[in-house]
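Below are two complexes that have chain A in common, paired first with chain B and then with chain C.
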Partner chain A sequence: MSFAAIRDKVRAGEPLSLADGVALYEHPNFIEVGTLANEVRERLHGDRTFFNRNMHINATNVCEASCMFCSFARLKVGDEGAYTMTHEEAWGRLRARVAAADAITEIHIVNGLHPGLPFDYYTELLAGLKRIQPAIHLKAFTAVEIFYYAKKYGMSVAEVLTRLRTAGLDSIPGGGAEIFAPRVRKKICDDKCTADEWLDVHRTAHQMGLRSNCTMLYGTIETVEERVDHMLRLRALQDETGGFQTFIPLAFHPDNNALMKLPAPTGVEDLRTYAVARLMLHNIPHIKAYWIMLGVKTAQTALWFGADDLDGTVQEERIYHMAGAETPQVMSPAEIVRIIRNAGRTPVERDTLYNVVAEGAALASDKPFRRDVRRSLEVVS
Partner chain B sequence: MSASATEDSRPAAVAASAALAALDLFALGRQAAAARDARWNRRGFFTRTRDPEAQPIVPFPFTNGESDAERLARLATIAAAVPAPWGVMPAPVGEPFGLDTLRCFALCRLALPQVPHLLADVAALGPRLAQMAFGFGADEIHAPIVAERALRLGANANNPALTRKEAVTLIRGAGLTPCERMADGSLQEVAP
Partner chain C sequence: MTKKKIAAVSFLNARPITYGLEHGLGDDRFDLSFELPSRCAELLERGEVDLGLVPSASYAAASGELRIVPGIAIAGFGPVRTVLLVGEVPWSEMKAIALDGASRSSAMLLRLLCKERGLTPRFREVPHDEVLDAVAETTGALVIGDAGFAAATRFPHTVDLGAAWRELTGLPFVYAVWAGRPGAVGPEDVAILQESLAQGLAARATIARAWSEAHGGDPADYERYLQRDIRYQLGAEELSGLSAFFDRARGAGLLPRAVRPRLFEARPRIAPVAPGAASRSIDSLLADAASGKRLTPDDALRLYADAPTLELGAAADARRQALHPDGEVTYIIDRNVNYTNVCVTRCKFCNFYRPPTNKTDGYVLSREQLAQKFQETVDLGGVQILLQGGLNPKLPIGWYEDLFRWMKANFPLAIHGLSPEEIRYIAEIENMSIRQVIERLIAAGLDSIPGGGAEILDDEIRYQISPLKCSTDTWLDVMREGHGLGLRTTATMVFGFGEQPRHVVSHFERLRALQDETSGFTAFICWPFQAEGTRLKLRDDTTAMRYLRVFALARLYLDNFPSLQVSWPTMGPEVGQVALRFGGNDFGSAMIEENVVSQAGAIFKLGADDIERYIRAAGFVPRRRNMRYERLAVA
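After this line comes the complex of A and B, so read on.
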């Protein structure tokens, strides 16, 4: 199908097909694809660009799965670099933020598939965080983790989610989707849940009233068709449940893992993937440019290629940094506001569920970048 | 250029400057890419052996927060140079932002029609942003071309060198035909 015909479909609000998505990936002019994605982005959100104040806790990197793209996991307790936080250590991260009067609204928790921890470790982790900060939103455990807990502890997915929810779970992050194509999963992540199982965890969560995000890992060995197929499967579930809030394309980082001979995706490939995602996923409200993984400059540019969200202030991200990400581990709200304004967009601080926390004059004022962030802006492409 | 000629061209330059400044990012990028393509027919260049005497490159320092008008005024000085430089290379000073950098590239291409080459410097921009600059008027990637890729780890993390294959991948990925400038100055398109 010609680009003009695809543009007509987009403007008429018609869902794009697999062939349309592939054609967008193969269109020689990425600016044209970006322009169309930006049209949709501005139709949905105008200039508004979202971010939140959050922190990450990766409580353990001990993981039974041996995904080839992962630099974070350690197979066994005692392996070099393996760690598991005590509850006190994990809670201490939040206490430190509270003591610093840092008004975070969300904790993002993602872990390895630790074979030796009791289920209570996770419920108590959540409950303790809620005791410290009852209003904090806990976005925790990927579908891969939840499916693993169900199998390991002999419960249904719904039972796992119910118990986690009772302990304080508020929503589910989108990680672990990787690429749904069985051909690719067999080669790069054969020992974690299947695509259908991943989708079913999210379906169950949505049916229980939980919101979630969704992701796609791109840049390993998948084809363009497999990327678009991945998006279509997410779109189909969204048609069914409406529970996804945000789609986050995740670029493969090649350092310190078994796929280190592969090149990283290029900048244009990043922008094109954001643009195609915005055009294919008409029913998912937000597209997030995760600055930790993309780098600040590319993430900012993605705000004109379909993305409307920069994620948050983060702090202590480990998964991508162990894979070679050179971004800082934290940005202040003022720094994020400045990046968004410099892009000609209007910053809006949100909570996890996209309720507005602050905008306009109520937002943090501009201030000079700290030295570590300035350095990262100079080196990260 | 005579004083009267300068006086006469000023209103036109101001009008042109205002017209460019009014364009959004994509419109500016499209015009700049079209200007590049009119001259180079969708080719993107790289070179292993640069001859600085035959191919003088003028750096164009730019700082985040400058207006288009300020940049266009400084570009007018380069535009007036006789003979025109072989190439211009935008050089960020301080904190470059992605979008600001791409806009700067487009302005350079449109304000310097007599300058053949607009170079994207991998050392200053990183390979990702340098590649994006091809969508905004750049026609050449500027980086040492090395025989073998070294892993970019530790102290080598920011090594700007590219292999020939990486340079070709970046140019082709931006939708252009990669073209190598050989030591004798001839141009050789790289077959897919």
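After this line comes the complex of A and C, so read on.
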């Protein structure tokens, strides 16, 4: 399929095939792919670019699974660097933000698969956070964790989700999807649930009315076909439920893990993946450039390659930083607004469910350079 | 006024150069005659003509110092069809080669290429008309000029020397230039000679037809030759080719001394301003820019303000593709050595310098420290030292001369050293002219000048951020002198000092105008100001998107700069990769150390393997180069 034929399909709103996706990955000029993705992005969102104010809590890094790409997990309690927060510690993080009058709207909670904690640990964690800040949105536990709880505590996935929701769960993050292809999963994350199990957790959540995100880990040993296949499986579930809000491609970071020999994906591969995702996943509304992982410069550039979301202010991210990420661990809302404006886009602060929190003059303000340009043009002419 | 005597060549490939002169241009100034190339050189050598269209080898071998008319050459990039080695046996089996007595450059090129291949045939000079008759058994012949058209099909073995040179260096070859004694022609004369060529280039079809009528042969074939095989610009890449030829010939013992292409003074060509430009749409501006039409300052300001980012990038990418159609992206292995941090300038944006009054942290690197850095560079495959430092009042010119001579005697490294500001400062403390300083540094071993310290070439901004640094005019003067003395230099720009777009465009305009005069710049490099830790508290946009827009605009505006280098050390390799699709064709240096930027917060480090991986992942073929942009073979 030629690039021009793919462009025609995109413009006609036809879903792209596996072969189309592979052709987009292999097209020699990634700017052309980006331009087409940008067309779709602007059709869906114009210049609007979303971010939120959030914080991360990784309550424990003790994890039964030994995924080769992970620098975060420790196998056992007592291993060097292993930690498990008490409830008070976890709640204390939120109390500190509330005390600082920091208007966060979301807490993102992702943890290791800890073999020694009771299920109550998780429900009480959520309930306590809600007691401190009832309006806060709790986006917590990947499908992998939920599936693990179901098996470990002898419940169905639906039962786990129901009990977590009762305790305060509002939506599910997209992590743990990695790559769906069994060949890759077996090699890099054999201890995790299968693709079908991962998808089934999200299906169940969607059917219960919970929204969720979805991800793809790229840059380990997967092929281009396996990446596109991964996107197509997400697209199929989305056709069924419509419950995904955002797709987040996650680049593999090679420091301090069992795949250290592999080079990290380069910037062009990152941007191309964003663009291909935007083109393949026509039914998922948002594509997020997770700046913690990409670096601020590439994340900003991705706003022209299909992405319309920069994630949030984030605080205390640990998973990517233990894998060598050199990005800061927090950005202020004013910084995010400035980066978006400097990219020639329009910043919109959202909540987790993409309701608008603030836009226009209500946002933390900074001058974009393009406005300066016009002023100086007046001086010249 | 006495007319100046000028001697040109009667071959077809020289016709466009003299076309205007033959049609009345400069009648009152020049007395034009036609000779064989070697004869032109003889007349010039004997002082019987003021200016000759001479083989580049004759320029190099002349007993007295010569100057070259800027902007004009007979050159080629790859096969040229009229400089052929022919024979009954392959090149490697030739025991003797007859050289065309009319040729100088081609003969030296052939000798050089034989040496580079380890071949040692005997060479014998024969008259121009008899050269083909000399071919027999293991005796080949070097055929030049129009005889080459016929010879190409007569012999079983032919080698196009233009193609062989390109294969060796990746550069164009310059066969002939206008040359004369210093002062033989002035800027007015140069302008007329350039105009003569411009008229000739426009009349190539007519020239081909007339040639066919007079000498037989297919006029379409002649026109193809004039349009495609011969390049008439003495542009930056041709100057790189010329420098490479002289250096290699010197290395092979074919030239008795080091020679550089030194230029007559020219005046800037005035950019034509399209009437009614202000009313044009952004789309048509972008299309024009993408097709290589020269931008006016107003065009550039409009594109910068209103062109969508990816479209600006695509236009710059189209220019990159037109200028570098081979899809190669070059890089160099060198080391940035900051020989001293003592500096009197006190620029607000610099956190590297120590004033001379600081007795604890100021340093001048010792020979031992330098030797270690240089040896490490050699061991890592480095070919060059980027040598820059502060303006240290304790270092006289003799210190630099000794250093350069010692470096050249002990390390196989090119010296890309001393930015214009440093050169100006040496001139100041030594009470010498800038030209004298550069001449002495060249004699001591200086190979090229880095384009640092340009910041924004607009005095309004310079005065605000570095009031003690040289003015825009001085910076450009140092570069002009350097180019005139045969040095190649780069040019830089640092933005994000709160300047307006008109300052950025004015920077581009000044560089483009000087490049029109000299063609001495090899590459342009820009990056956003790295503010961390400096005294300059600024809140300007230094994000990736602004970098990419400025960079793309530079590619479109600087139409006479062959290379645009991406700045991965400041922007990160990811954005560096993206910039390769926003007009970049060079990935800069696999850097071993860089004190100035790294102290201000940039932390990226890449080795040659990483650089090659990034280049490949962006869809290009990596090629290692030196400062002349010669492609280097990598073991």
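FYI, the second predicted complex is superposed on the first by the 366 of 381 C-alpha atoms of A that agree within 3 Å, B and C clash if a C-alpha of one lies under 4 Å from a C-alpha of the other, contacts with A are read in each partner's own complex, and residues count from 1 in each chain.
Methods note: a contact is a pair of C-beta atoms (placed from the backbone, for glycine too) under 8 Å apart; a residue touches a chain by one contact, two chains touch by 3 or more.
Small disclaimer: the values here were computed from a predicted structure and weren't measured.
Touch criterion not met for A:Gly175: it reaches neither chain B nor chain C. By the touch criterion stated above, A:Pro333 is placed in contact with neither chain B nor chain C. By the touch criterion defined above, A:Asp255 lies against chain B but remains apart from chain C after alignment on the C-alpha atoms of chain A.
Contact with neither chain B nor chain C is seen for A:Gly112 once the two complexes are overlaid on the shared chain.
In the superposition on chain A, A:Leu271 contacts both chain B and chain C. Looking at the shared chain after the overlay, A:Thr298 reaches both chain B and chain C. Put simply, chain A uses residues 28-31, 34-35, 38, 263, 266-271, 295-298, 300-301, 303-304, 326, 339, 342-344, 369, 374, 377, 379-381 to touch chain B in one complex and chain C in the other.
Residue ranges on chain C touching chain A, taken from their complex, read 278, 298, 301-302, 304-305, 308-311, 313-314, 317, 500-502, 539-541, 543-546, 548, 571-578, 581, 603, 610, 613-614, 617-619. The touching residues of chain A, counted against chain C in their complex, run 28-32, 34-35, 38, 263, 266-271, 294-298, 300-301, 303-304, 326, 338-339, 342-344, 366, 368-370, 372-374, 376-377, 379-381.
Residues 28-31, 34-35, 38, 255-256, 260, 263, 266-271, 295-301, 303-304, 324, 326, 339, 342-344, 369, 374, 377-381 of chain A are the ones that touch chain B when the two sit in their complex.
Note for the complex: chain B touches chain A at residues 25-26, 29-30, 33, 64, 94-102, 125-132, 134-136, 151-153, 157-158, 166, 169-170, 173-175.
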